[in-house]
């Protein structure tokens, strides 16, 4: 326990896992989103402890900020009520757990087995400065950046398009 | 150069005929007719120039055209004509004219697209008959396929989609086997000589070990046997013929079979003589079984087109027998049969189509006693049925006689059993006449007899069959010219 | 200066991914399926960052940025579709969507 | 003059074409159809006269019209060959055809297929003359199949009744079964001897094949099969009685006088081959002997006038085969000639009888027509006597007596065959006079509605004259024919009795048959009924009536199995395999499409499971 970052890492990791578990099991959507924010923030801490402050910041700003806000907006627009949480509860019957739990456990087992089998004594924690990241982004990864921008543009247009149809569809229904 | 024109005129005619149907269907028909007729005239010019009495009996390609196409892969646009291909080109164009004329009243929907497809098929057939480059050959082979698919699936009867898909699957799959075999040959040739080429003359001498030669040969044989069609790969033909229109049946059964037989004689026999020799007993047995099998099945059919289709398979069994008999008499008989079969079976399809147009059905039990009301058509039907049963004095007899007498030299039992096939042909031919035309007119049909254009076309076909039967020497003479390219075959 | 065992970072990523997967399979609510997918992406991100940090390279973090972009795009389009769907069917039940049945 | 030979077959063929293509009035059809045959027979007579006056040096005249084809040594020509044998055949065929055409102009009048009838008839004559005159076997085969075709067309001439069509098809298919063997014989001859020209074949056969060699035997037997089919001999005789469904002139021309004797001609034409294959020749004799007896018994039981005549024809051709088989070559051809006269006449008379009674065929419903149809009666009687062999007067007696003598004395002859031939004479007399007595004597049972006109009577009179006079030319006939077809006397045996003795026995047997017929069918009709209704008699009667059960046998042995196979195979069993492949694909498709449930989470789970499995494979392997 000589490392000052080790304790925060494990603590944040534990928080992240617990919050995530809670997030996927809530019957009320807003609760789930709140736990998701907790999980994301905890992951941000984990990033920080692993020596990636930039990413930690982005995690907070974009994930916990922008994306979750989108979710919240949608939840607000849908006006979900007590009835919905009741159906959610029904959907989360114990039988529905078996398959996902088994599959996830198997996957996790394989991942852990992989990691443990090769005894890597290496540690992590080297800090990458924003400058390094920027150089990498606009150096070797320039094409990737361009593609990402195209993807985002496409997503923008697509979301607009789908949203427009939805409006007209609703109008037709009315 | 004239060979190129032959193909170009057909494709151009098709491309022009297609849009013109929007203005008036008649324009489209006229364009198609003039394109095919022009081609036929060109072919006749060739007949007098290269195969007339004045021409020498020497070897070599009588007409040749060689353009570089894709030099990186050794692909040429190489056409060539000798006696064998000339005869079949003439048959193709002649029956092409017949098909266009017969479609004049039979096809009423999508006239432009119909003629486009028809002319494209004819162009593909000419390509197959004239190619001296195996890639071009394969290209033309596949070119026939898609328009034929449309001819069946657009202008067919009730179960046309099923028939068209069946046709497509059979021919396409077997064509792919041929492509694989072709590439194998191509690389084998490269391995042996270091040259990449699809040139027929170059590939002729490719050294192959027997095992490999057998597999490559089987690949080619698959495509040819399906297209012919040979027993037991024949089942697509009755289904297709039962659905397609009479003119497409003419193309399907008469001309496609001609290309398959041609391809066997031109490519299969000279390219893989040993492998062919090894497999020929099997093929002879299949041919003989096919002859009897199809004759008996033709006997039981109630659909007129199916009946004729099985009759066609029976005749093509003789073709197969002649090709694999390994005897030049039989081989000449094969070409003779291909031509006579094209005319007689094609004409039977036209007769069946003409009957169908009148009684609105292809089922034999709706007919009967038609002689009372349409004597001319019935008489013509009788004539072609007689041609199909191999009556001496008509073209089919000469071909089948030569095949059998040639087969007898090597395989006595096969010739004897196949001769029974000629007897069996009597069963279905007479049944056809009896149930369609004779008997009592129980349905009280009153129908118009042959129209002028029908009468003319069928009359010409009758004349051709009589000519082939009584004086086939010009055909055999022309064929003799083909001998120089594969002297071992024709000796 | 810091020394967290490499294995622990990877295992954390794995756990997050597995939990996200469980969420995707478990939930019938389309919204929560999307949430679970975000969690899975996060798990992948943790793995990348851990690996990048192990070698002292920026590449891991660059990858996380791309994941971020993909997640943003996915969420925007996904939510738009979800809204459309909700307006049509008045439900978010994923099992109700089976128009692609063969 | 000889150069006109090609016109003999060409004119009928051309007029057949014209009749088939042009639409003519009945009168024009009659003129064109008959004149063409007249022209043909006149030319054949002229050609014969010039041939007789100035025979070519080689004894035969060949006219090559054109080379049919020429491939690898197979070089048949379209060429005519005239020698004494083909000359006799040609003249008889042309002349009898002419008479029957004349008869038909009246007989067929009013039929709506008048033009078609004459087209077919002319085509037949053209083909028959081609057959007779052909110089190679392939051209002969062309004529051979051509006459078979015309036979089919004319048997089924009244196509509205399916039974006629069936009879026509039966005739064509049964004869074609024989033809198939014959064509295989052609393959064999070409393969072994390298030509199809008949004369060359015979020369080469003699050079190449020793007597009794397997090649000669096989070829002779194969050709014999063709002849047996065409000439309605055992075991392929079943088609001829049914062939009576055709119009009566057809039966007279094709199924009595000309076509059915083509087999006799073929064997006579290739007799050299048969002398190289004595077993085959003897087989012909046995077949002839058996056929003449079997058909004679069958003729005895028939009710239908034309069927009686049909069986009689089979029986008489059996005589010709017997003559060929024993080596009495000229006797066979001579009997062919007299038979052509009297049997054609019998059919023409039968046609008049049937027509005048309004289509009645049953001889038991006829009777007493002697007074009503006197001319027909007398001509019919002459022909009947000729058929049965009334000694000294009729042509039939001369020819048949000759054959009976040959059956004993010629090369292959024996006492057994002689006895069989005598039994045949007895049977012939019996059934002939049974027919004559039943039709023309006794009480009249039915009304005569129509009397024959001159066009029908004149041919009968001419033929009646020939049925008498034809016999007296036997000696010159034999000596003339001997240049190509000599009597083959038995060398090893010395006969224990002479020709006159044999002729006397024949006369005796003839009168025996006549008397028995008189007793059974005129004097005491009840005897015959008693005999026929006795247990043994009725079985035999039924057996003979149904042609010794051969039809039943063939029906169960060949026709039904083939029809059954065809019915079972209609859907193409081979296609079942491809349909099975298609079905298999469909099953696979259904299985896979089940997995496409459209459920998102199901897909996700599948992806996850797939990933787990893949990773597992990577880790644990």
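Letters A, B, C and D name the chains as they come in the text, with residue numbers starting at 1 for each one.
One rule holds for everything that comes next: a residue touches a chain if its C-beta (ideal position, glycine included) is under 8 Å from a C-beta of that chain, and two chains touch if they have at least 3 such contacts.
Since the model is a prediction, treat every value here as computed from it, not as a measurement.
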Reaching chain B from chain A through chains that touch each other, fewest steps: 2
Most centrally placed chain - per-chain CA mean versus overall CA mean: B
Separation of chain B from chain D, taking each centre as the mean of its C-alpha atoms, in whole Å: 38
Inter-centroid spacing, chain D versus chain A (mean Cα positions, whole Å): 100
Rounded Å distance between chain B and chain C, as computed from the means of their C-alpha atoms: 63
Where chain C and chain D are represented by their mean Cα positions, the distance between them in whole Å: 95
For chain A, residues contacting two or more additional chains: 99-100, 103, 107
Where chain C touches two or more other chains at once, by residue number: 21, 24-25, 28
Residues of chain D whose C-beta touches two or more other chains: 605, 608
Chains grouped in pairs wherever the two touch, ordered by label: A-C, A-D, B-D, C-D
Chain B partner contacts - residues on chain D that touch it in the complex: 20, 66-72, 74, 78, 116, 138, 141-142, 144-146, 149, 152, 156, 159-162, 165, 168-169, 172-173, 176-177, 179-180, 183-184, 186-188, 190-191, 562, 565-567, 569-570, 572, 574-575, 577-578
Complex contacts: residues of chain A adjacent to chain C: 3-6, 9-10, 13, 16-17, 20-21, 23-24, 29, 32-33, 36, 39-40, 43, 46-47, 49-52, 54-55, 58-59, 62-63, 66-67, 70-71, 74-75, 77-78, 88, 91-92, 96-97, 99-101, 103-105, 107-108, 111-112, 115-116, 120-128, 132-133, 135-137, 141, 144, 148, 151-152, 154-156, 158-160, 162-163, 165-166, 169-170, 173
Complex interface listing, chain C residues touching chain D: 21, 24-25, 28, 33, 94-95, 97-102
Contacting residues of chain A [partner chain D, same complex]: 99-100, 103, 106-107, 110, 113-114, 117
Chain B - residues contacting chain D, complex: 166, 231-232, 234-235, 238-239, 293, 296-297, 299-301, 328-329, 332, 369, 371-372, 375, 379, 386, 391-393, 398, 401-402, 404-405, 408-409, 415-416, 419-420, 422-423, 426-427, 430-431, 434, 437-441, 470-473, 476
